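Before anything else, here's the structure in question.
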């Protein structure tokens, strides 16, 4: 694996998932591949889970990690070619990225969308420029439109749950499990990246019946949802579900807006009764009693803590894959 | 030791003090207990001495440390149960703490009081919630009302001074040493935690005559001062003192106010003449010529640098105690 | 070497340069000198290249590094003696520095000039106070008037280029190479430190014909430029140049002003034709198409990426020199 930006960088999802689960069983089984290697983690937006899990994953492989919070630590980057830099940006990615490529063996980057200009955001200019100019493998720690480490983690978590469960539907070889991605209310304008990325990965994985449910005006880009069943009827979607993934996103078509705040879209135990004893997932942070009710988060059906803890193993599997071909 | 939140977590203060002094003599004598273990240091307020000393202490024990500055690195936590999180807090401690518990072996946390609501501050909600939900040992790096690593350091510093000194009063087995905690002016509204904690530890230690002196209106909570002599007469308090601990705090009764700015409360060499050649202590940072005069801080009676450097050994002793029972 | 603040701390520039180039060939050849030693990197202003290169250099020598961003992590220092600290500064360098001296084996510090008061800036009060009170070796990561790690890097880069090049002028033992420091436009008021320091080092090195060119009113302090040829005629300066170092600085005489924004001072390929196929250097970050044109930065004559990557080896050579006499 050279870069890890989307599911397209993965040749075998199941093999990567099993690699992650093997690290969960024995975190320090590969202490050598990262020795005398260095990963730079560049956060153009701050982070908790992503930062910690990536740093721990790297440490587990023997790598040295340097965290660099760009916002706090002072540095406004220019991404446009031929810019006359007489404004507020202090350094061009064309100059910064090659140097990071000299300092590090792997570069991990978190960027965010503007949520103002869809075309710009969906062109993924920032991370593509880093890939173009860094000259070393680049790992997305979330980009403008995708969050692949989260999605790998989600498939890991689903696979783990299937493996350890005696749930009937998992044992019925004639029936695929059913995964539902259900939109939830939120107070802020959020990116589509977690939803896009989850859709992209579940579709590529191909081992589930996959339904996405959301209010009118909240359709996602077909680039990612193609292959899923789309519906505005949340109750219908939840019927028979084995896993419900809850997530807010802002509108894609009329870009970056909040059209719905209907608390009726919040997942509750009542709604969960429609499912096949579904497990509930969320990438966190979660707005309690806005996106998900306390009763679910504090109850036995929530996988959110396990899911967040699996971020370490997903990151470790990806870093190990990238380290393998580095001399 | 499971957690380290107050003196009540310590079964034998003197043993812990001697452990710290042993680390001072040989910092790297225990390089193994922390190997392949990880401490997360979460700063809800920034810090210099506490951060550096804890990180160095952990490194000396072979532990990996990850520093996480919450304010800068973006993350407003919710601590109230059943909150409907439609406001500014982005994550509930009930969701965040269990994940930190998965990522780390020990969680160290610095929180601060609001200084607006005494009941809230003195309930120590923040750190108690972390203990409740993290599922791993929690070390206070200063909480709303206490600062136990500072107080352990202070007892270490006093013990070290007694051991190396030929000071008569230390040798007279019929007479306890005299320790005075003396309020000092300051320009900002400060917490009571250092004073509370020092009082709690000196009382629990029980090896000193202990006097606390402060202007009217500045009494501390009896929960911590019980056992000490309290007086508004600073001169009387200083008479015969072997150690004078200087510290500002804001009012406790009419909570979080500044009632006194009388520069007469600043410790000077003239006042020090009342003592038994007392050594002067302060937890730093100190406002020079407001809390303490240059002449004292730059003179031979100041222990402040040694005291700050002892923070490392106190932290190392505590972390070693907590690591011992971790498999 | 005790401290590294300016070229005056170096007894043999060429030997230090060769040491740096040896580390470039084999970064991990000295894994022992830093083992169980700790460097504290204190940034009173943020940084990318300086922070990363210093941290990597220290890691290569086996040292533990602790980064401390003062601005973000909360801490306004007082540097004036006898200050009555009733204002905004929270800690005096007299109290902070000795503690850092207890915590670390080497202290590295970045400070910046005020650009308001030349006398204060050029007295280098901040870094001198740290040296006075820390009691351990101090390395400048850029100070108010100098940037010695950058300048050492620059001499390393020039030397490397000479060694690997077949450029005629380098082979002619009767002719010194020609280095030109050329002022460039910028939109912000910048310090003189990179220019001062480069002038100081090239003059001390003594192996080049050295010309500094700048618009009227932009003369630098003679303390640093003495030995160089000074001219306002950029074209004349560039003639026959082997290396052109491009850098903006604000005025020194009428201190901290911008008197010139003439885009004619920007280096372009047309101007480069006047030189002896000169290589172009810049310390970065660079304002593209303001200081230097895209065509140069993206072309074969730019050394800027190599120059920035050499920061690691310069820092590693300096740290190794300082570590050598530490027991």
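Letters A, B and C name the chains as they come in the text, with residue numbers starting at 1 for each one.
Operating definition for what follows: a residue touches a chain if its C-beta (ideal position, glycine included) is under 8 Å from a C-beta of that chain, and two chains touch if they have at least 3 such contacts.
None of the values given here were measured: they were computed from a predicted structure.
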Interface numbering overlap (same over half, different under half) for subunit A and subunit B: different
Rotation angle (°) superposing Cα atoms of subunit B on subunit C, nearest 5: 120
Centre-of-Cα separation between subunit B and subunit A, whole angstrom: 40
Shared interface positions of subunit C, touching two or more other chains: 72
Interfacial residue positions of subunit B with respect to subunit A in the complex: 36, 38, 40, 64, 66, 68, 72-75, 78, 82-87, 90-92, 94-96, 98-100, 102-103
In the complex, subunit B residues that touch subunit C: 28, 45-49, 51-53, 55-56, 59, 69, 72, 187, 284-290, 294, 297-298, 304-305, 308-309, 312
